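You will see chain A twice below: alongside chain B first, and alongside chain C after that.
Right after this comes the complex of A and B.
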């Protein structure tokens, strides 16, 4: 008889490892299976890790985790071809350990560390192994089939944290084939640059970080964002657009990244930096409507596999960790009752929907689709805002009142009713 | 049948760099791996175990973290692992290494007699290929090196294929013997899941120098190593290389010109073109 575990967690990203960590910490026998050579080998994100959800699992983790820089400044750029409207917040409050908000990290390092913490709690981690299918008996998931010889292994409950486009959840009928509009393809590079140069160019103190999100021309007006984050001695620069935008516009993602790197706002910041790594990954962008069935008999879906990403606020890994924690709580409860049925595990679904995860995703539930169907926001209004700012700030003997009128007319060129409709629609999906 | 495979943890030479100023190895961030030849040796031992029965043990010398190569061997299918680890072994060259490993092999053999010892052809960090024959010499058993196939095993002898400079030799040797393994002997199999599970929690037997029985400490580590590295240098960077430009047709034409110009490179000594 093959060895049996209390819990099998598929995937060693933030969701899987959070769940595995908490289950093992509470005395359960946990097997975690990762397809990469090591946790993090195949995991990609822009690089922002929020503090709170991990702190709930490992207090003061930043003292030992391989973080790059705590972020003290978040900038947002609305880009036109040669200009930008810049917004942002910088505050020394975020520089204070107690008020850290988020950090930049490099996933290959961070995920390894996190998985090691879970192993210290007793998790059995197996790398370089792909889970091909869930083993189902009488409608209940009872284990997994790996791609290795003698690869069946059993458990009371299986957590699918196998990332975006979860084939395992799909096999179970939890979701349909993912639509190209529901995922973004993000490509990014890690560029090596000395800490001193980074500090100078981004106006940072030692050991403090800055993030920049770019909209508009960064994606040539297509739905998506570009980003530039500061690590200790490197920068993460990347751009992501929905797969459907890439297909429809016939853009190549790496061409788009080159375009961003040569934008006059970006170029001087990355000048002389040495390309160290190139990464690409799919990011779930389907939001609230794309959340699959989360729970079945003997099975829970968490993290990216459950599409728990808030693209508008670049939150994903924190939701993954929180969902992993909720999964652990549900499993511990099920352990007490001795039943791992959908009914008992359903507490997981409730927790996800009642927490900030469900609420935030619901708030923006139509945002992606609206922006995809109404490209004028990124394609027309952002360039218009840039023009308006240039007109308004240029001193050329024209009175301010006349300028304001000119700008107003520019915005109304699309037709008063359409413009008002656009504003109302934007307010509605963001409110 | 008891086969012991000697395995070594080495820096992954694919990613290693030489610091051009100091001419020393820059090991920062370089992962440690099992010497690839040794992995094939373990795989071959496991294959023979499947065919003839018996037991596969692995032995390594190194710091405590070298237990990673023993775990890797367990994944492939080894039954047990021994690690000899002691500061006294540090700085050993091939002579001192073969002495320490021999002492450990004697100890393993006293509990469970050894029929064959396998080593990789050489380690990719030192490329000497001396430790295997060194052990054979100390144990006074036949060393057979560069083995590409083990065709028959009986309780008295083994038949093998040995790679030579310009061909192969089929040989037979008596047991016990020491065999060094070439990569082409087998493909590393995708390890079965139960082995992976066993490897995660496997703890090898660890011996320090005092646990190896009667040992002449003068023959260990740096003290026992007559090898002195006189100088180290990186091979000069290859010069040249030339990118053809133009339309595909122009590029092909240019390439043909180049090939024509260098046609002597494609001719055999006798003068006939290949």
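Right after this comes the complex of A and C.
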């Protein structure tokens, strides 16, 4: 008789490890299965980890976790080819331990640390093992089939935290194949640079970090963003666009990354930095409409596998951790009843939809599609805003009144009705 | 000299040198039917959107350099003819990210 567990968690990213940690902490027998050489070996993100959701699992984790820098400044750039409209917020409140908001992290280091914390709670972690399928008996998931010899393992409940491609939930019929417009292909590099140089270039005190998000020319007007984040002694620079934009525009993602690195706004910031690693990954961008069936008999889907990412606010790891925590809560409840049916586990789905996860994803449910179908926002309005700023701030003997008029006419060139429609549509999907 | 190395546009080959791959002997990626690529797919989008330049059209067929695959899944989703059989590499094989 093969060994049986209370819970099998597939994947050792933020969602899977949050769930495994909390289940083990509450006395359940947990097996966590990771296909990489170690947790984090297959995992990629831009690098922003939010504090709140992990703090709820491990209080004051930042005192021991391998974080890079607490972020005190978030900048946003609307890029044209040689210029940018810059916005942002910098606050010393975020520099204060109690008020940390988010951190930059390097996932290979961080994920190993987090998984080790879960092991300390009693989780059994097996690396280098692929889960090929869920074992289903009478419509109920009863375990998993791995690629190891005699690789079947059984459990009362299986948590699918297997990442964006979500192959196991698809096998169960919880979702259709993902569409190219529902994922952003992101490529990124880690660039080594000394802490002093980073501090000087980004106007930072020691141990403080800055994030920059770039829109517009960073993706040559295609739907997506680029980013530049400060680590302790390195920078993460990346760019992501919907896979559909890449297919349609015939752009190569690594050429786009080079384009961003050579943009006049970016180039001086990364000058002299040494490339240390190159990474590619998909980000779920389908949002609310793409969320699959989350629960079945003996099974729960969490994190990227459930497409829980807010692309507009680059929030993902927090939603992964929160969904992993909700999954653990539902499983503990099921344990009390002794039943792991869809009906009992459905509390997980309710929690996801009633929390900030469901609410925020619903708020922006049509944003990605609208921006994809109406490329003028990134392709036309961002360059126009740049032109307007240049005209307005250039002192050339023309009166401000006249400049304002010229700028107004420039925006109305598309036709007054179309422009007003564009503004209304943008307000509607963002409100 | 500072900065020269990064400012010369890095090629995809140079980028791929930065990545650790533990390649299996067998490919986890398979073109199901090469004649579809040849006859029905004039654009061959996998040859440009793949971030590891795994797919190259050479002669009359797509060559699959699975050893440099980042396992992102783009080709699985982006192939217009669903002509790529995509699996994860066997446990422990494939890309090994060391940093981010």
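Throughout what follows, the second predicted complex is superposed on the first by the 431 of 431 C-alpha atoms of A that agree within 3 Å, B and C clash if a C-alpha of one lies under 4 Å from a C-alpha of the other, contacts with A are read in each partner's own complex, and residues count from 1 in each chain.
Throughout what follows, a residue touches a chain if its C-beta (ideal position, glycine included) is under 8 Å from a C-beta of that chain, and two chains touch if they have at least 3 such contacts.
Keep in mind that this is a model prediction, so the values were computed, not measured.
Trainee: Could you tell me whether chain B and chain C fit or clash when both sit on chain A in the superposition?
Mentor: Aligned on chain A, chain B and chain C fit with no clash.
Trainee: For A:243, select first, second, both or neither according to whether it touches chain B, chain C, the two together, or no partner.
Mentor: second
Trainee: Once the two structures are overlaid on A, work out the angle chain B-chain A-chain C from the Cα centres, in steps of 10 degrees.
Mentor: 50
Trainee: Based on the superposed arrangement, let me know which partner A:179 touches: chain B (first), chain C (second), both, or neither?
Mentor: After superposition on chain A, A:179 lies in contact with chain C alone.
Trainee: In the overlaid three-chain picture, which partner chain does A:383 touch, first (chain B) or second (chain C), both, or neither?
Mentor: The answer is neither, since A:383 touches no partner chain.
Trainee: Output check: A:42 vs chain B and chain C. Expected answer is one of first, second, both, neither. What do you get?
Mentor: Touch status of A:42: second partner only.
Trainee: Touch check for A:153: first (chain B), second (chain C), both, or neither?
Mentor: A:153 sits against chain B, while chain C stays out of touch.
Trainee: Does the superposition put A:16 against chain B (first), chain C (second), both, or neither?
Mentor: neither
Trainee: If we overlay the two complexes on their shared chain A, which of chain B and chain C does A:311 touch? Say first, second, both or neither.
Mentor: Neither: A:311 stays clear of chain B and chain C.
Trainee: Looking at A:221 after the superposition, I want to know if it touches chain B, chain C, both of them or none. Which is it: first, second, both, neither?
Mentor: So A:221 meets neither chain B nor chain C here.
Trainee: Residues of chain A touched by chain B versus by chain C: which partner has the larger set?
Mentor: Tallying touched residues of chain A, the top partner is C.
Trainee: Determine, under the contact definition given at the top, whether A:129 touches first (chain B), second (chain C), both, or neither.
Mentor: both
Trainee: To be precise, I mean the smallest distance between any C-alpha of chain B and any C-alpha of chain C in the superposed model; what is it in Å?
Mentor: 9
Trainee: Hey, what residues of chain A end up touching chain B and chain C alike?
Mentor: In the superposed arrangement, which is not itself an observed complex, chain A uses residues 129, 146-148 for both chain B and chain C.
Trainee: Touching chain C in the complex: which residues of chain A?
Mentor: Contacts found on chain A: 35-37, 40-45, 47, 106-109, 127-130, 146-148, 164-165, 167, 177-180, 183, 185, 187-191, 234, 236, 243, 246-247, 250-254, 258, 261-262, 267, 270-282.
Trainee: How about chain A: which of its residues touch chain B in the complex?
Mentor: Counting only chain A, the residues touching chain B are 2-3, 31, 124-126, 129, 146-153.
Trainee: Can you list the chain B residues touching chain A in their complex?
Mentor: It comes out as residues 189-194, 196-197, 200-201.
Trainee: Across the complex, what residues on chain C touch chain A?
Mentor: 2-3, 5-7, 9-10, 12, 14-16, 18-19, 22, 43, 45, 48-49, 51-53, 70-74, 76-78, 80, 88-92, 94-100
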